[in-house]
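What follows is a pair of complexes built around subunit A, which joins subunit B in one and subunit C in the other.
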Partner chain A sequence: MSLTEIPAFARADGPDKVSGLGRYTADLTLTGMAHAAFRYADVPHGRIVELDTSPARAMSGVVAVITDADVPDIYLSAEIADRTLFARDVVRYEGEVVAAVAAVTPEIARAAAAAIVVRYEVLPAVTDIEAALGENSPLVHESWDSYATSGDVVRDRNTAMRSELHRGDADAAMATADVVVSGRYVADASHAVPIEPRAVVAEWQGDHLTVHTSTQVPFDARSRICETLELPTSRVRVIVPHLGGGFGGKCGAHFEPHIAALAKVAKRPVKLVFSRYEEFIAPDRRREGMIVDVATGVKHDGTIVARAAWLGIDNGAYMADATFFPQLAAMHVAGPYRTGSLKIEADLVYTNRQPSGSVRAPTAPQACWAIESHTDEIAVALDMDPIEFRRRNLVATGDVGPMGQVYDEIGALECLELATASAQASADQKPLGPDEALGVSMGWWPTFAVAAGAFAKMHADGTVQLVTGGQECGTGAVMTLRNLAADELGIDPELIELVYQDTAVAPEGPGASGSQTLLNHGRAVEVASQQIAAQLRELAADHLEAAPEDIVLAESKASVAGAPAASVAFTELVERAGAELLGTASVEMPEYPELPTSSTCIGDQGMGAWLAPQFSCHVARVAVDRDTGVVRVSEVHTAHDSGTIINLMGAHGQVEGGVLMGVGQALTEGTRYDDEGRQRNAGLLEYKLQTIADAPSIHTQFVEIATPNAGPRGAKGLAEAPNVATAGAIANALAKVIGQRVRELPMTAERVWRAQTADQSSTTTEQDQS
Partner chain B sequence: MTLTIATSVDQAIALLASGARPIAGGTDLVVGARQGKAPLPDQLVAIDRIAELAELTSTDSETRIGAGVTHARLMTDGLIIERHTAIADAAALVGSPATRNVGTLGGNVMNGSPAMDTGAPLIVMGAEAELRSADGTRRVTMGDLWTGPGQISARDDELCTSLVIPAGGPGSGSAYVRLEYRRAMEIAVVGAAAAVTLSDGVLTSIRVALTAVAPVIIEIGDLDNLIGGAPDRALHGAVAAAARDQATPISDLRATDEYRRHTIGVMAARAVDAAARRAAGEQIPVPVNRSLGIGAAQ
Partner chain C sequence: MNPSSPMSPSSPMSQQINLTVNGMTWPVAVETSRNLCSVLRTEIGLTGTKEGCDDCECGACMVLLDGQPINSCSYLAAQADGREITTVEGLADGDELHPLQRNILSAGGVQCGFCTPGMLMSAYALLDRNPEPSIEEIRIGLSGNLCRCTGYARILTAVHETAVELNGA
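Right, the complex of A and B next:
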């Protein structure tokens, strides 16, 4: 039985979540529990001249108030140690935590936080990416060069990280082009917006700390607590109940240390539950704003000879996890094409805004929107069909990528052909109206392999529990990991339970981040399940008097190959064993060939991941109301090469969610700031997510290519890839209808309306090569 | 805080007289309090279980819609769709199914927001609000009721019991359209309602009102010179021009004043177009936004 033939089964967490019976962190109540509230900076850049917590302490019902003075003197963030848990001397964004209060009710806690007196000497706010790079710009971090760093971090003043990607001599190659197309694209910042605002409950028992928290990455949360509160790993336990979505927004560690420190002082459990407003302004997980300036030189026949680009990426006030963003964005600007010579420079820039951090496919949707818009503009300049232009230039198996990597078996071209054919078939059936068009975009996303572990237990009743370092954040670990184990063991996936995350129980792992659950935990689950299967075969061989290799495991029974009649149930075998059957696996990171990289400072961080990336093609059918600029997406046809599909239902769900998120990013989701860097639309009334009423019909096909160096059964992961290409496809359809480019993301109705009244085309220069 | 669940209009009025504030669906009042707009009042009287307020009755000359009638009912009620289509168009766009199931017409009207959706339709149909207090009953026109953003001329002790709307004559049609960036949970960026009467293909009456382009819902003045003309492009152009001329929009997160001024013209013209087509007998299902693809084709 192939994995995709395993019948669809309901998500184990589905009924709980849909019926309201599921328990989230905010639902936890512990005896004697106090409630936390934070005092935020409010001022995006200012020096603290007075901080007086006594009014809060004096309030009845307040059980603890803490500030920077009450926690160990530690600078954090692994890549650039540029901040403390609580603000010290200077605040650098409006949502920075200055103090925390615990009180007997949430209302008292909030009132007490508001009663704290903080006065600032207001400093000039840095809010413009390009201005921040100027010689005379105020610095977000005056003493930036004194911060400790790890890895290859290239910094200068407000530049938090610079990456360059060079291949060949791009200037010389550009001079040989027949046509050079250049343009600028600017993407606003946006947000992950999980439906569950984050929550933390911290409880001390003696010198041991238990933290219940809505994190995607429990082990990261644990290490941040240990690091900042100077605790040994063995004394900290992180437990994650149901998680109400994450989309990357709950990666990294957030407020677990603050609440743990508060609980210590309060001498009772403390709970923090964010409001939607806090969820917008405080976490260091915003999708970064980005400027892409790009020029591409092409021959009349469509051959790309050179690409030169500069990217400005808004890091915000502190380093969350973004040092790899310039590198990732540069890869997306290089694109999954044979681009000839390359010169891509990317600056990650400090500003007095909320920190940026990994949100689903960090940098990709924006960079892909820019480069796929640019790709269509090149095709237009060459008078070539955009699909044909892509067909001629897409990378294929054996090609050499921007990093010098030689691609494994990949299906980029197949994605293009399938998705465009599907969209065209639909347009043949229902012809495009005068205000409609189809737009195409390619996307790609790396496959990050790391070490991971898993335990598996088969109980006497034949059920199995899987314990991994993974986390179900909505992406379907509850489906795929069970599929893999079910297939190894020959049991119904319904008999398998995924144990939710608990760092005291599970082997360490990367959690639900970076499309890694199936890829990494899946490999470990396979091995752990294989160990149990081997034990079952041994036991059955003994019982059925056959060789273990002749034992077939199916339908919770073991039998000898060719003689299914004589079988023994797993329950009986476990009973014979006298104890539950255990599997324990830890799998290494796969070995990747060394890359002959020519980039100046792009390390090989994750670069092995680009050997067999995931590819996608999205084709959007778009209608434009020309008089108002309102854009509707009626259909999105997608094709994804994510390797082998382990659970088809889950895979469709991932693509559908990614597409809808992409539609939002394309049209309505953008964070607006005032001149000082405060968010103006930090709420769901003015930050416009797409609703189910806006959802296009989504038609998905999978290109299942057996890539040698992928994850379990050749699966590559499918969490972030569906969120990459949609905005680019919508942009290209929109440009076809209105005959103009909307150069800002999101492409709001007003921006579309304005684009129709002003020429915003890219510059096309014909170069005489005669 | 006290909350009294009233079962009759008289009981509610007595409580209002002693300082209580009415709460119907609570979708403005409670949500506003949560957002910090205004704290919940000390005394509340729930009026959602008063049977009289949920009545929807009609005679040949007028329709009386109880203040407690929900948007969900307005958008599906046969009489409203037939006679006062623009109100059904508007009700169908309010919030989400949950909002429409509890949100009421009376709450919409008495909340007095310049972005409310049923306001422009009520104006173009010449509706009046019936207000009752211990002192008696009076009727006010919508234009007299709304005095500013969130401000109404009704006294605190007055309960809105119903909206009374003249039945349109033969050949009349109405429509409401609004500019929206998404198809649910949206607030009007701008919106327009039109009510017209046609006789032998010639316009015999026209009223147009605008949402979210002034401190209150406004009616476009000086349209009488259009009477006698045909419902053609020239008419649409004239209405659009008048709408742009008379609107005084602001810039906020949802749109700039410039964009609002442009789109209010588009909405006004589309409302007139849809109203005239309905007046001419064309069946355009409620809401016009969906059937004509306002804000882009289906």
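Right, the complex of A and C next:
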């Protein structure tokens, strides 16, 4: 039986979720539990001249107040150790935590946090990416030079990291172009906005700590707690109840150490639940703002000869996990095209804003929006159909990527053909109106891999427990693991119970990040299940007097191939074995594609070669109200090469959710700041998510290419890829309707209206006269 | 824990009320400023009702008050005194899921599930006042409920299928 034939996909966590009986972190109450509140910096940049917690300590109902003075003297994070758990001396963004309070009610905790006296010497805030790079800019980190770092970082004033990607002589190649098109694109920062605000409940029993938390990365959370509170790994247990979405926003530092430290002092369990406002301003997981300046030289026949670009990426105040952003963004600006010579420079810049971190396909939606807008502008300059221009330049199997990777089987061109044909067929049926157009964008994304493990047990009653370090954040990826095991074992998935989201019982894994669950945990689950299957075959071979390799496992029974009538039930086999059957797997990272040395990259963070790269094409049907600038997306046609699709319903769900997030990013989702660097729209009324009334119809096709180095059954990841191409497709449709380019993301009604009425000057096209 | 806490029942700010939730009446003492969402979740222990924004913007906290959908985060518990409240825990008939619950699951309209309770209550109220809604009417009816995971398509399908199923078509 092929897994894709399973008609409906049953989520093991489904009944919990629809009945309201499943518990999320904020739903937990422990005996004697106190409630936490943070005191935030409030100023984007300032030196602390007074910090007096005594008014809070004096309040009735307050059980603990802690600051930097109450926790070990440790700098984090792993890549650049540029911050402490609680602010020390200087605050660098408005949402930085200065103090934490625990009290008997959330209301008292908040009142006590507000009563803490903090005075600052206000320092000039760094809020502009380009100005931050100037010689005269104030510094976000005065002592940047002294921070510990891991790996190859570039230290220079406000530059947190720099990457350069060079192939050939881009200047010389540019000089041979018939036409050079250049443009600037500026994307605002945005947010992950899971509907569940984060929550943490920490409880000590003696010197053992248990933390219930809404993290996407439980093992990472455990490491962070151990590192900052100086605890041995074996005494810290992280449990994730149901998780109400993450989208990357719940990776990384997540306030578990703060609450654990608070609970230790309070001598009782402590619970933190974020408000929506806090969810916007405090986490180190904002989607980074970005500037893309790009020039591309082409021949009249559409051949790209060179691309040169500079990217400015807003890192915010501290290093979350963004050291790889410059290289990854540079790869995206190179694009999934045969781009000739390349010179792409990317600066990740410290500013006095909330830290940026991996939000669903970090750097890609913005970089892709810029480069796919640019791609259409090149086609216009050449008087060529944008689809035809892409067709001529898209990478195909055997082509070489920006850093020299030779692509195995890939389906970029198939994605383009399928998505554009689907959109055209719909437009043929229902012709485009005068204010409507179709826009096309390509997208691409790597598949990330790490080592992972899994345990499996088959009990005497024939049921199975599958223990995985995988983290379910809603995608259904962990749920899918059950189907892989069921397929290996020949049992109904319903007989398999998943044990997950508990670091005390499961082997370590990367968690719900980087679209890795199926790829990594899936490989481990396959091996653990195969071990049990092998034991079942041995036992059955003995019983049925056949060779183990002739034993077929199906419907919880073993039989000899070709003789299904004489079978033996798994329950009987386990009983014969005298003990439950165990599988334990630990699988290594698959091999990454080799990189020849034909290109160079400064600031290499391992993003140059992509394991099982995923490609996509999105085509948006867009209508514009010319009077108001309001854009409406009625249809999005997508085609995705994400390898074999194992859970078809889940796959469609990922694409549909990713597309709608892309529509939001294209049109409404952008963080606005005041002059001092405070967020002005840190609420759902002002930071507008798409509603069901805005949602386009989404038509998805999967290009299932047999990629040699993909995961289980040839699957790649799929959680991030659908979030990459949508904004570019909408931008290109919009430009066709209004005849102008909107160069800022999100392309809000106001920006569209202004673009319609203003002269455009930031694209230039030079025709070579010689 | 702390006798002078304003949360304690003896506080002059608190009030004794009766909430009828999913058919069962609960006498509770609540501070007059407490919202219904928080009282349902903490005093009554029904945590199916979620809080996503505390500001009337996401719909995760939606419950029915005398059959009408309200955002319980922005509704004072005291105002619900003596009235009938239905939460997501009250949708199923014993172990039998309501068709909306069954269909939202089978259609693939549940991912992280955090919006699901509010979405279900909103859909329930919609079908109650309009048993045969058009697709457009479903879109309008559910536009106060944000979902970040699904792109809404499968939620729309589930509500439509349920309307058809309940009308015996």
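What to note about this one:
Here is the rule we go by: the second predicted complex is superposed on the first by the 742 of 770 C-alpha atoms of A that agree within 3 Å, B and C clash if a C-alpha of one lies under 4 Å from a C-alpha of the other, contacts with A are read in each partner's own complex, and residues count from 1 in each chain.
The rule is simple: contacts are C-beta pairs under 8 Å (C-beta built on N, C-alpha and C of every residue); 3 or more make two chains touch, one makes a residue touch a chain.
Being a predicted model, the structure only gives us computed values, none of them experimental.
Look at A:S19: by the touch rule set out above, it reaches subunit C but stays clear of subunit B.
In the superposed model, A:L685 makes contact with both subunit B and subunit C.
In the superposition on chain A, no contact is made by A:E704 with either subunit B or subunit C.
Looking at the superposed arrangement, the partner reaching more residues of subunit A, out of subunit B and subunit C, is C. Contact with subunit B, but none with subunit C, is seen for A:T748 once the two complexes are overlaid on the shared chain. By the document's definition of touching, both partners, subunit B and subunit C, reach A:A693.
Shared-chain residue A:E107: touches subunit C; no touch with subunit B. In the superposition on chain A, the residues of subunit A contacting both subunit B and subunit C are 684-685, 691-693. Interface residues of subunit C facing subunit A in the complex, by the touch rule stated above, are 1-2, 4-7, 41-42, 46-55, 57-58, 60, 87-89, 91-92, 97, 101-102, 104-106, 108, 110-117, 120, 138-140, 142-156. For subunit A in complex with subunit C, the residues that touch the partner chain are 8-11, 13-24, 26-27, 29, 32, 60-61, 104-105, 107-108, 193-197, 242-247, 273, 275-276, 473-476, 649-650, 652-653, 655-661, 683-685, 689, 691-693, 695, 697-698.
For subunit A in complex with subunit B, the residues that touch the partner chain are 433, 435-436, 623-625, 627-628, 630-632, 634, 667-668, 672, 680-681, 684-686, 688, 690-694, 748-750, 753-754. Subunit B contributes residues 96, 179-187, 253-256, 259, 262-263, 266, 293-298 to its touches with subunit A in the complex.
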